[in-house]
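Two complexes come next, and they have one chain in common, subunit A, joined by subunit B in the first and subunit C in the second.
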Partner chain A sequence: MSRAAAPLQWLTMGLLAVGLLGLSPTLSLSLLAFGLAVLTALKLREARSLEERRVVALLQLVGAGLLAALRPELGPSLLQGLAILMALAGLLALELGAGPDWKALLRRSLQVLVAALPIALVLFLLLPRLMPFSNFGAGQGMGAMTGLSDSMEPGSIARLAVSREAAARVAFPLGGAPPALEQRYWRVLVHERFDGRRWRSAAPRLPRPPAGQPTPPPPPPATPGEGIQLWLIEPSGLSAVPWSGAGRPLSADLTLQRSGELQNRAPGSQRRVYALTQAADQGDWRTEPPRPIDLVLPRGENPRLEALATTWGRLGSNRERLDAAGSWFRGQPFRYTLEPGALPRQAPLDHFLFETRLGFCGHYASAFTTLMRAAGVPARVVSGYRGGQWVQPVGGSGYVDLRQADAHAWSEVWLEGEGWQRVDPTAWADGDSLARTLAAGADRAGIPPWDWLQQQWWGLDIAWARWWLGYDSEQQQALVRRLLGDHRHLLGLVVLLAVALSLAASLGGLGWLGRRRSGDPLRLELERTLRAFARQGMAPQAGETLPVFAQRLAQRWPGLAGPLDDFVGHYQRQRFASTPSRMGRRQARRLGRVLRRSLRTGNRSKEAVQREHP
Partner chain B sequence: MISAIGAVLLGKEHQVRLALACLLARGHLLIEDLPGMGKTTLAEALARSFGLGFKRVSFTSDLLPADLTGLNVFDPGAASFHFQPGPLFSQVLLADEINRASPRTQSALLEAMAAGRVSVDGTSHPLPQPFLVIATQNGLDQGGTSALPESQLDRFLMRLSLGYPPRQAERALLQGEGLRPDDLSRTFGPEDLLELQARCDRQHCSAALLDYVLDLLERSRRQPGQGHPLSPRAGLALVAAARAWSLLQGRDHVIPDDVQAVLGAVCEHRMDGGQRGERDGELSQRLQAGIDGLR
Partner chain C sequence: MDFGRPQQGDRVRLRMRNLYILPTRFGWLWLAGTVLMQVIGVQMQSNGTLLLSFLMLSLFLLTLHLTHFNLQGVELGCGAPAPGFAGDPVAYPIQMHCPGRSEGVRLRLGGEAAGPPLSLPAGEHEFGVAWRPPGRGWHKPGLLRVQTTAPLGLFCCWSRWYPGAAQLIYPARRAGPVRLLAGANPPLAGEPAVASPQEGSEDWRDLAPHRPQDSPSRLAWKLLAQGRGEYAKRFLDQPETAPLLAPEPGLPLEVALEHLSERIWSYHGHGLSYGLVLPSHSVEAGRGVVHRDQCLAALACCR
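Showing the complex of A and B:
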C-alpha cells in the first residue's frame, strides 16, 4: 500500500462532498447520496487494512456514479470526473504497492479513465434511456429563490433589491434566432386569482406521477427546420419555467397550461435543462377564451380606481377601453423606481395611481390589470423575465443571459378576435429600465473580467447541455433506426458486441501503455539502432556493454566511428551521468537517426564499390 | 602513477590498476600466486608511491596473534606496562603466505582489517589510516597450508593473480630495464590518498547502474551450480570497486564497463569458495554474460 493512498482517498472524499453541496435535499436519491458519502467517510476514517481501503475506493466510485446520475450538468460532471480520477488513483495506490509516486498514479488512473471512454460512449449512444432520476418522488420546491414568486403583492414591498444573480440562459441552436430586444418577454407565471391585494397563480399544481406509473409518451421530436429554444435554468422554487410564449415542449415532463404557463414536473430546486420548439406563430393559449376568474375584482377596495374605470367601461369594445386606459396612463406623471415605499393597507392602488405615482413593474402591472378588470376587460398579470443580455462566447454559439434583475411583470388583456394581448404598462412610466437599456444599446459595455469568464463558462455549459444532455431517447431511437434499419430487435446483440469490442480495445490499449511504460524511450531508441546493426550481422554478445560493442562496430565500419561515438557517448551520459541533459531523449533520437543513416549510406557505397570492382 | 608502478612491475598494467582501485576503495587485496611473481614488489611499489609506511610479515604455522598486533610490555623504569605495537601498525601490510598461519592468527588479522583497530588486553588501539592489507597465499595444493574459510575470503575486496609476465616484458626484466621499488619517487602523500578515497565515494552511481549490479547479484543467487551466491557485502564491494575504477578512468560516474572490469577480481573468490577452478574468472564471466550489459 503506497503512502499516497490515504491522502488520495481523503481528497476524493472532499471532491464528493463538494459535489453533494449542489444537491437538492428534497430528492430522495440525494438523501441516498448523502448517506453513502457519510458512510464512506466513516469507513475511510476507521479503515486500516488493505481490504477495507478497497471497499472505500469502491464506495467512492459508486458515490461518484450516483452523483453523476443526479447532476449531469457540465460543472458537476467535471467535478465527478476529477473525483473518479482520484478514487482510481487511490485504488491504484493500494494495489500497486509503494513504488509509484503521485504523478505516476494519476497518469495511470487517467489512462484507465481514457480506456473506459469507448465503453462509456457505446453505452451512452445505444443503451436505452432510463427515465430521468429527478422524476422520482420529489418533494415540494422550497421557498422563493428567484425574483419571481407564486403570489405577488407589490404594495407591501417598500424597496426592491437588484440581484445580479443568474436566473436562466436560453440558446437558439438549429438556426433559431433570438427575438429582438424589445420583444424579449419570457413568461413564467400567470397570475389570474386576485383578492384585491394579492395576485396568485391559478394553474393547478401538477400531481407527481406515482411511482411505477409509466412516464407519459414523449412528444414528437422537432421537425427539421423547426427552431429550438434550449433553456438552462438555475434552481427556483417554482414549478413553472420560463419560455418564449411560442413553441411546443420537447420533453415529456413539461406541460403547457391553458393560461400559457409552462409547468415542469421535475422539482424546481435543481438546475435543469429543457428544450422547446420555437414557432413563428403564437401558441394556442392566446386564443383560449377567458374564464370568469379573469374578471374577478373585489368591489369597494379602491373606489377612485373603480370610478375611473367605470367611465371606460361605457366604451363599446375591449380595444377602445384598452386604448383609453393607455392614453390615460401616458398622461400621468408616473415614474419608475425600485424604492417606492410601502402603500397603505386601505386602498393601496388608489394611493399608487393618484397620489405617489411611484413604483416598479409589479405596481404598474397590478394597477393596470385591476383597472382593466374594473372596466370589464378580462385581464391578468404575467410575471417572468424581460430583456436579457445577448452573449456571444468565444468560439461558441450565443445565448441570452437572464439575471434575477431582469424579472418583470406585465399585463395581458383579452381582446375579441385578437386573443390575449401583452400590455406592458411599465414601459409608459418615466425611467423604465428597459427604455434605458434600449437607449444605451443592447451591449453592456465594459464587462468586468469575472463576469466575462462566467459568460464564457455558461457558453460551454449550454453547449454541453445541447450536445450531451440534449441527446435524449428520441435522438437515440433515430440513431438506432439509422444504424439498424428494420432489424431493431438486434439492438441487444449490437450493444453486447460493441461493449465487448470496446472492452477488448480498452484492455489492449492499457496493456500496450503498460508495456510501453516499462521500456523507456531511451532504451527503445537504442534497440531500434541495434536492430539496424543486427540486419548487417552485428549483434552484441551476451553481457557485452555498449562501449565495447561500439568498439567492435567501429572496427568493422571505420567510417561510423564519429556517429557511433556521439550516440554511445550521449546514451551513456543520459543513463549513468549525474546530470543527464533535459533534452536527452530528443537528442538520442537525433543521434540514433544520424547513426543509422550513415550505416545505410556507408553500406550502399561499399556495395557500389564491390559492384565496380568485383 | 600507474605508469610509474608499471615501470616496476613490467607488463602488468591491468593488475596494477586493480590493486590501485582496491586501495582507493579502502579494500584489502588477496594475491594468489606462485612465489616469485612480483607480489612483494607490487605491494611495495603501491606503498612507496603514496609515501605510506610498509611492513611485511611472513606467516608461518607458529605465528601467534600477538606477533601481529603487538603486546603490552612491562617497562621496569616506569614500573608499568606500555603497548609495543606490532607489524600490524603500518599503512601497507604485506601478509605473506597467509594460508600457512593457524586459523586463529588469520582471524586476528582479518578482524583488524574489518574493524580498523586492534584490541590488546582490553585497550583499543586504532590502526593508521589509510590501512591496506595485501595478503598473498600459495596455491592450496602446496604443502603446509590451511584454506581461508569463505567468511574470511569475503573480507578481501579483491583477489588478484599476477601470472607470468608477457615475453616482451620478461625480456626487459632480464635486461635489467625494470625499476626497483626503491627507485620510485614519492608522487603523492597519504593525505592525497585519503582525498582520492573520499572522491571515490562521490562517484555517481545512477539508478540504471545499480539495477545492473542488482541484476548481477540476483542472478548469482538464482543460478544453482554456478558458484556460491553473492552476499550483500559482495554487492557493496562491487559498487565500491567500480567507483574506484571509474575514478581511475577519469570519469565522474560509473558505467557497466567499470563493474565488468572489477567483477572478476571482486567476485570470483566469493563464488568459488577459495577453490580456484581450472580457468580463473570463469564463474564471473558466466555471470556477466547472463546479464544485459547494454542497459
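Showing the complex of A and C:
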C-alpha cells in the first residue's frame, strides 16, 4: 500500500464534500448522497486493511455517480470527474506497493481512465437506453428562490428589489434567432384566481403519478423544419417552467396545461434542461375558451374602478372595450417605478388608478386585468420574464440570458375570434424599463469583465447542455439510425465489435506506454541516432569513442561531416556540462533529427545515382 | 485464490495454460456497484451516472487483461539456494524474468504469509522468498504461489509452481551440552604435532623498535612517556589444542545435533579451531567459513 493512498482517498472525500455543498437537502436522493458520503468518510477513518480501503474507493465512485445524477451541470461534472480520477488513483495506490509517488500514481490512473474511456463511450453512445422503471421520486419539491411566485399581491409591496441573479437561459441550437426584443415574453405562471387583492394560479398542482403507472410515451422528435429552443433554468420553487408560448415540448416530463402553463414533472434535478420545438403556429391554449373564473371579481371593493369599467362594458365587443381601456391608460400620467409605496387595504386599485398612478408591472397587470373583468372581458394575469439579453459567446452559439430582474407580469384578455391576446399595460406607463432599453439600443455596452467571463462560461454550459445533457434515448436512436440505416438488427454485433476493437486499441496503447523508454533524454537521442547508423551497417567498435566513431562515419559519408560535427560536439558539451539545460536537450533532439534526415536523403540520392549509372 | 495444477521443474514460463484468473471479492462488489450505477442512471436519466457505470464496466474488462499481462510471459526459476538453519525463516532465491512491466506481484512459499507487492520493470530480478523449513537435511520449499491483483484489485491472477532446487538446512541452533573429545588432539594440517608459540595477540613478550606500519595500539606508551623511544610490543599466542566435537551421549540424536550446530556456530564466531566426530562421518579440526559449512553440512546430513 503506497503512502500516497490515504492522502489521495481523503482528497477524494474532500472533492465529494465540495460537490455535496450545492445540493438541496430537501431531496431524498440528496439525503442519500449526504449519508453515503458520511459513511464513506467514517469507513475511511477506521479502515486498516487493504480490503476495507478498496471498499472505500468503490463507495467514493458510487458517491460520485450519485452526485452526477443530482448535479449534471458542467461545473459540478468537472468536479465529479476529478473525484473519479482521484478515487482511481487511490485504488491504484493500494495495489502498487510502497514505491510510486503522487505524480506517477495520477499519471497511471489517468492512463487507465483514458484507456477505459473508448469502451465506455461506445457502450454509452450505442447501447439502447432503458426507460425509468417507475416514477419514484418524481415531482419532488424544489427549494430555492426566484423572482416569480405562485401568488401575486403587488399592493402589499412598497419597494421591489432588483435581483441580477440568473433565472434562465434559452438557446436556439439549430440556428434561428430569438424574437425581437419587444416580442420576448416568456410565460411561466397564469394567475386566474383573484380575491380583490391577490392573484393566484388556478392550475392544480400536478398530481404525482402513482408508482407503477406507465410513463407517458415520449413525444415525437422535432421534424427537420422545426427549430428548437433549448432551456436551462436555475432552481425555482415552481413546477411551471418558462417558454415562449409557441411550439411543443420535446420531453415526456413536460405537459402543457390548457391555460398555457408548461408543467414539469421530471424527477428532481435541481436545475432543469429541456427542449421545445420552435413552431411558428400558435398553440391551442390560445383558443381554449375562457372559464367562469376568468370573470370572477369581488364586487364593491374598488367602486371607482368598477364605475369606469361599466362605461366600457356598454361597448359592443371585447376588442372595443380593450381599445377604450388602452386609450384611457395612455391618457393618464402613469409612471413606472420600483418604489411605489404600499397601497391602502381599502380600495387599493382605486388608489393606484386614480391617485398615485405609480407602480411596477404587477400593479399595471393587476389593475388592468381587474378593469377588463369589470368591463365583462375575460382576463387573467400572466407572470414570467420579459426581454432578456442576447449573448454571443466566443466560439459558440448565442443565447438569451434571463435574470430575475427580467421577471414581469402582464395581462391576457379573451377576444372573440382571436383567442387569448397578450396585453402589457406596463408598456403604456412612462419610464418602463423595456421601453428604455429599446430606446438605448438592444445590447448593453460596456460589460464588466466578471460578467463577460460568466457569459462565456454560460455559453460553455449551454453547449454542455446541448451535447451532453441533451443526449437522450431519442438522440441515441437517431445516432443508431444514422450509423446503421436499415441494418438496426446488427446493433448487438456492432456494439460487440466496437467494444472488442476499443479494448484492443486501449491495451495496445497502454502496452506502448509501458514499453516507451524512459531515462536520460540525451542518451535516448544518441541511441536513436546510433540505431539509424547501425541499420546502415555502421556500429561503434569496442573502445571506440564517439568522436572517433564520428570520424569513421564522416569518411564513409563525407556529406554528413557537418551535421555529425554539430551533433557530436553538442552531445559532448551537454554530457559534460555541469548543469544540462532543457534548451540543450531540445537542441540535441533537433541536431539528431537533422543528422538522421541528412543520412536518409544522402542514401536516397546515392541510390538514385546508382540507378542512373548502374 | 489458491487452486490449479502446480507446475514442476527448475524453470517455468507463465502463460495461458498455467495462469489462472478470477475476479476477487472486491471485483464482484465492483460489478454490483456498476449495476447500481446503471439503475440510478436509468432511473434518473442521468448521462453522467450512466457513463460512470459504463466506465466501471470498461475498467473491469480492461483490468482483466492488465492483471493477466502482469504475469503473462514471466519466467520463474530458482537460483542456487544458500543453506540455512532449521527453526528460522530461510530465504529461498527465486529468479524472475519479466518481458514487460509487472505490477503488484506477490510471492508466497509454502504456508508463509505473502510478501509485499512488488512493481518490477522489464528484465531479470532475483528475490529471497522467506520460508520456514521443517527440519534439517535437503528440503524443497514446497509450493510457490505467485499472484497479482494490480492494477485495481478487481481480478486475482495466480500460478503455482514447485521450485526444483533443494535447499540444505542445518540443524537449528540450540545451546546445550556437547561432548568434547579433548584427548585426541590431531595436529592442525601442515603443523608439527607439538604446538609451538606463534605470533599472535594473547600475551606480550618482547619489544621491538616501532615501525610506521605497526598499529598504534601496540605502541609501548609507557616507555614513550618515559622518553625511552618508540617501541612496539610483540605478542605471542599459544595455539589451543583444537577440540573434537561429538554428540553428547544420552541425548536424542536430533537434540545433540542442534547443540553441536550452536557450538560450531559460536566457535566459528570466536575464531577457534574445532573438529567434528559423528557416528557416520568425521571432519578433521580446522577453522574458517568453509570448514564451518563442511561441519554444519555433515550435521545436516547425519543419519
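Methods note: the second predicted complex is superposed on the first by the 473 of 614 C-alpha atoms of A that agree within 3 Å, B and C clash if a C-alpha of one lies under 4 Å from a C-alpha of the other, contacts with A are read in each partner's own complex, and residues count from 1 in each chain.
One rule holds for everything that comes next: a residue touches a chain if its C-beta (ideal position, glycine included) is under 8 Å from a C-beta of that chain, and two chains touch if they have at least 3 such contacts.
Given the structure is predicted, the values throughout are model-derived calculations rather than measurements.
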| item | value |
| --- | --- |
| Touching partner for A:229 - first (subunit B), second (subunit C), both, neither | neither |
| Which of subunit B and subunit C A:575 touches, first, second, both or neither | first |
| Which superposed partner A:526 touches (first subunit B, second subunit C, both, neither) | first |
| Which superposed partner A:507 touches (first subunit B, second subunit C, both, neither) | second |
| First (subunit B), second (subunit C), both or neither touched by A:65 | second |
| Touching partner for A:540 - first (subunit B), second (subunit C), both, neither | first |
| Comparison of subunit B and subunit C by subunit A residues contacted | C |
| Subunit C-contacting residues of subunit A that also contact subunit B | none |
| Subunit A residues touching subunit B - in the complex, by the definition given at the top | 523, 526, 530, 540-549, 572, 575-578 |
| Subunit A-touching residues of subunit B, taken from the complex the two chains share | 204, 206, 208-209, 252-257, 260, 288-295 |
| Partner subunit C, residues of subunit A touching it in the complex | 29, 50-51, 54-55, 58, 61-62, 64-66, 68-70, 72, 77, 80, 84, 88, 91-92, 94-100, 108, 112-113, 115-121, 123-124, 127, 129-133, 136-137, 267, 269, 468-469, 471-472, 499, 503, 506-507, 510-511, 514-515 |
| Subunit A-touching residues of subunit C, taken from the complex the two chains share | 25-26, 29-30, 33, 36-37, 39-59, 61-63, 65-66, 69, 100-101, 103-104, 116-119, 149-153 |
